[in-house]
Amino acid sequence: MPRLKIEDLDKIADQQRRKMTVREGGGKAKITVHMGTCGIAAGARNIMSTFLKEIEAHNAHDVILTTSACAGLCSREPMATVELAGQAPVKYVDLTEEKAKKIFASHVLQGKLVQDYALSIGSERIQ
Amino acid sequence: MKQYRLQVMVCAGTGCVSNHSFELKEALDREIKKHNLQNETEVVYTGCNGFCGAGPIVVVQPDGIFYQLLKVTDIPHLVEEHLLKGRPVKKNLYTPPAEKTPIPKMADIPFFSDQTLIALRNRGMIDPEKIDDYIARGGYKALAKVLTSMKPDEVMSEIKASGLRGRGGGGFPTGVKWETCKKAHGDTKYVICNADEGDPGAFMDRSIIEGDPHAVIEGMIIGAYAIENVHQGYIYVRMEYPLAIKRFQIAIQQAREYGLLGKNIFAKGFDFDLDVRRGAGAFVCGESTALMASIEGRPGEPRAKYIHTVEKGLWDCPTCLNNVETWVNVPQIILKGAKWFSSVGTGDVSIDPWGGSKGTKVFSLAGKVNNTGLVEVPMGISLGDIVYKIGGGIREGKKFKAVQTGGPSGGFIPESMLDIPVDYEELTKIGSMMGSGGMVVCDEENCMVDMAKYFLKFTQEESCGKCIPCREGTKRMLDILERITIGEGTEEDLLLLEELSNMIVESSLCALGGSAPNPVLTTLKYFREEYEAHVKNKKCPAKICRQLLTYTIDQKICLEIGHGCGVCKKNCPDAAIIGERKTVHYIDPVKCGKCGACYDVCNFNAIIIE
Amino acid sequence: MEFEPKIVAFLCNWCTYTGADLAGVSRLKSPANIRVIRTMCSGRVDPTFVMKAFDLGADGVLIGGCHPGDCHYAEGNYKTLRRAHMLKKIMRKYGIDEKRLRLEWISAAEGDKFQEVTTTFTETIRSLGPLDWRKRIGKGDRTEHTVAV
Amino acid sequence: MVTVKIDGIEVQVQEDTPILKAAEKAGIWIPTMCHSELFEPYGVCRLCSVEVIRGKRTRIVTACNYPVREGLTIQTNSAKIQWIRKIIMELMLSRWPNVKVVSEMAAKLGVKESRFPSLERDEAEDACILCGRCVNVCREVVQAEILAFAHRGIKREVVLPFGDQSNKCIVCGACAHVCPTGHIKMVVEDYKGKKPEFTLGVKTPISVPTLQAVPRVPVIDTESCIYFETGGCQTCAKVCEPQAINYKMEDEIVEVEAGQVLLTTGYDLFDASKLAQYGYGRLDNVYSSLDFEAILNSTGPTGGKVVMKNGNEPRSVGILHCIGSRDVENHPYCSRVCCMYALKFAHLVHDRTDAAIYQFYIDMRAFGKGYEEFYSRLLDEGITMIRGKAAEVVERSHGINGDGSLLIRCEDTLIGKFREIPVDMVVLCNAIEPRHDIEAIRRIFSISKSPDGFFLERHPKLDPTSTMSDGIYIAGCAQGPKDIPDTVAQAGSAAARILSIIAKGEVDIDPIRAFIDEKYCAGCRMCNNLCPYSAIDFIDDKKISQINDVLCKGCGTCVAACPASAITGKGFSDAQIFAELEGLLAI
């Protein structure tokens, strides 16, 4: 291993950032793929891998990808919720790999909501 | 670089390891592969999470789902449900006592949410065996800052201004200590990290080392830089902490490979290296002079400190010794500034370094509380908050009696003083001390005489035996306590105990002896009536001191429910139980050896203890 | 008249000569056949001296020196030892029985040894008979040893 | 210098002086138990606790190691201090009630008995009170680090490595010396397998080897001195005011150029243990003459008292003559001095004790002036003289296990009877024998030994002090056994001989030199290597060899070797020798 220079500290931190973002729970955006039995049957797994590939491709360290159970709207699966920091979550439905890519490029990275695929803004709260 | 969707953080602190967390990881890896999740899930070891009572602990990120008390058999279900399907497994979540719904997220559990993390900021976040993880969390940035933009004096004044005080127990202002060491004559100086944590029930140092060893190393490098003429440091770890020693050795190796230890650190012309020294586990070796003697290879015995170790310490060279927790605070103070640090805590340290307690303190919470484990709280928080909020109150809804702080050198604090803030001076004032941070909670079922005897027995056994007051005095104190607990104590004994305690405090060679009577003195002060009950009435109100109890048989239950079954008679080793089968049994109080066997075997709860 | 051998003894000044003196002081009787010549060191004994002595009518020659390692002149006696070997060869060539030359180490403290050596040597020579080397050379009889052997 | 106030008395002392010393200066007594001037203060007994007042702060510190600073006020005997000391003494009394130093100190501090019953009570009068003095002296002074504390707390004890006698222990006895209770004791045993030269008591490493020596300077025995074992101690250097102690001083070889040497190397005493029948080295109370001299010496181990190993005065003493001398198996010669010193012994024993004295002699040789008279006087004193060499000395077998007394068996030749004489003590008159290294010395000076092994004089009658080597003289027992008057006479004579040559200012040398006749020298250089003194050099210019007259000793080796007969030995020329031969053989 080489001796570190001071600027190397930032490089290492950068490389490790994604991991840390996942652990620290911060991050710019959070994508939740709903993966109940219904979701998986409808192809949620593919959607999830697509998002994961996109994250890697864009080196998007501050995007958290997570899964959840069935969102209740089984007919519109596969579904995903995108939540930008400080904004209300947006639910997308009837996803395909292309749609997922588009959502990632537009909503996650640029902050522009993709109206066409969106179901609703906001989410239910459990008391 | 590979990106994972999920991070499964397996706690690898000693507590969880002894509860099979290594096996958990193996099972996790196996199951993840089975479900073909290995490309999106990473299983990581972390340092201690502090909530050791709930171990083994696994936290699933990014959501921070906190699993407790896991078994290997729980893993297949957990992987399938949570990792694959995204549904947290309820039965393994934490449920607060007296509630029914579990709290899935770690951050929502009061044990964690009420803590303020400075020393433990990386806990559960990094793999302690990976230096890159530490750097990713801002590690070694403070060192870079110090070496590029700060003069040693500036570092010193920053530490002084922060009001950081020794976390090992004494609470000596760290900045003042560093400055004295810097001013001491000598071309060779040393820094030492005291990781010889010996208080029974205290494990914060171990936890920090196991979870974040690089933070200690970084703190020590900064300290060495500030004090100047320091090129060698030692970390004194007790042999009972093999994992801590291993983590330190790995961390030192990694830091050396990165050039963060050794010659010419960051090409700034500063040399410093570290070595681990293992202690053989004598409690007294936590005392600075004894510790240094031990490093030098001599018997670990303290010496008079009229000439301080900062002037003549290791090999008679000026030596700056600080506790693990103290060192860990240093990088954070440098990074975030003295003001940020001193904004937490009590008092004002801008004029008098002893004027207040700043920052946070890690306590290991043990005893009769619901949540036992490691907690980091801001200075100034009340003892009550620690016991009730973080600790979750007393187990089984029993009544609080006292909290013992500061380990065997500390004292017992009664309920009336629960609103006392955690502050060096405040605790000392009431006869206890901050100590290294042990905190044992006693409930109504604890006999205070017995508790005092327990702690005194520990110090008496751990006394090095060098000076007469500690060697002879503590043994005589223990003799008296022994007499009291078996009902042979007299009222004169109490006075004698008090006198002897005070004399030991005044005349012992080192702080171990000087503080050994504290548990006795505080219980005598706050719980004197319990002592008097033992001495005058020959009764133990908490029903702990066996020799003071009387065993009788409830005749009604014995005859009517048990029909004089005679099990007790068969099991009595002293043949003290009289009575034929199917008749009432009696206990002969003269013969009764008070062993309690009858109580244990009686199926009808007919034995009454008073 | 019984044959009385004439024996020439070259004695080193420091050891044997003094030893002889000690023998005298100690009242140890030595045969009168011994005629002593003092040399500073046995190493001074030139082989010609020995041959000359035989030539002049001596029946035997005794060289007395210090014990090896004890030489007053460090190593003169070693030279003597070498020369004695050589001398014996020459004597054989000339037909003289080599028993007629005897080299002995006698220290200053060994008066008794001096007595013993001189006595036994005299007896040896007596048994060998007169040498009369000059006469024999005159007669052309140069082979005493062949007669003797 | 700083000023401190101790119990109201102001004293001026150096800064950092321990309070204990400052108090001493002020004439104030502070009790101590573990303290010793020998090593750094240990500070464990806490008896020297005092109150130190500095500004508003009052602290309790130990006086032995607390360094004073300007303006300190010290209370050494306040009520609080008295209270602490009393409880310390109570704690000690409860554990070691019968140790003298403890009970005495307790009495001094007004403690009669302890209020603390103790399970660890040790009734022994010489119990170890764990003061650590032995451990500290072993570590700091002796630097052998043999003794150490083991175990913790109340189980603490002083131990040897692995609880066993260590071969690293140099048996210096420092621990026993500092032990305040007598718990550590010295047992006299053979040390490292070496038999002590005089098994008569303890001798310190620093001593004046011979009391009559001039100058009377003490020396350090490097074999027993702690410093030379471990590098520690150095107490002598600390206490020697003129700083005369020099550890670096080594045996050195001093080269002195001298024209003349007087050898007075003395004698060795015959080792009587070779004669097992006399029991020397095996039986207690069998002494050599030199041992007995030491006993008689008023500065010796017994202070001049004639006592046995058990400290009792002997009831009878046997003095055995001719041990190793007049003995064909060992030394045939007579050691000359024994008869007279044996009589002296008898006289002194008679003088100092009531013991019966027996002399076992072959012949009484009272040959000197006044000696015979002394012998007669001794006979009058009632000394029993038994003519006959003692055959053996045995332990008396009767009595319970023998009482250590001895039995001398001999034949009394005057009455022709075998006798057994019971005695308590036997003195052997060992033979005087040549020094063990006499052979080496002899070779250095090219001189001889006589058959008895002593140096040989040039002439036994005419020149008993000089030797065969010019300028080398001998005197005293190096030449042969003799008593003091004879030695003095011989040494005086030798000194006179030496002085006569010095006074003359020049040395006559024998004109016996070799000379090379240049005419005949062929320059073969045979002689060059032959010369034991390298006195012959080849002269390149002349192509001949030349003899250096000063170096030449005249041995003539070269003369004999020169093939050209170019070398002449002056005084021993070929011509001279031939002439001698002719003269000798003429008849």
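By letter and in written order, the chains are A, B, C and D; residue numbering begins at 1 in each of them.
The working rule: contacts are C-beta pairs under 8 Å (C-beta built on N, C-alpha and C of every residue); 3 or more make two chains touch, one makes a residue touch a chain.
Here the structure is a predicted model, which means the values were calculated and not measured.
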Subunit B omitted: connectivity of the other chains: A | C, D
Most widely separated chain from subunit A, with each centre as the mean of CA atoms: C
Centre distance in Å when subunit A and subunit D are each reduced to the mean of their C-alpha atoms: 96
Inter-centroid spacing, subunit C versus subunit A (mean Cα positions, whole Å): 126
Chain centre separation (subunit B, subunit C; CA means) in Å: 106
Distance between the centres, which are taken as Cα means, of subunit D and subunit B, whole angstrom: 64
Junction residues of subunit B - those touching two or more other chains: none
Topology of the chain contact graph, where touching chains are joined (line, ring, star, complete, other): line
Pairwise chain contacts, counting only pairs that touch as defined: A-B, B-D, C-D
Contact footprint of subunit C on subunit D as seen in their complex: 443, 446, 448-451, 456, 458-461, 468-469, 512, 530, 532-533, 553-557, 559-561, 569, 572, 574, 577-578, 580-582, 584-585
Residue numbers on subunit A that touch subunit B, as the complex places them: 1-6, 9, 12-13, 15-25, 27, 30, 33-37, 40, 48-49, 52, 55-56, 64-69
Footprint of subunit B on subunit D - complex, ascending: 41, 43-46, 49, 60-62, 65-67, 80, 83-84, 87-88, 91-92, 94-95, 115-120, 130, 132, 148-149, 151-156
Of subunit B, residues touching subunit A in the complex: 1-7, 9, 40, 42, 61-64, 84-87, 107, 124-125, 132-133, 135-141, 144, 147-148, 254, 257-260, 266-267
Complex contact set, residues of subunit B against subunit D: 282, 284, 299, 301, 303-304, 306-307, 460-469, 471-476, 479, 496, 499-500, 503, 506-509
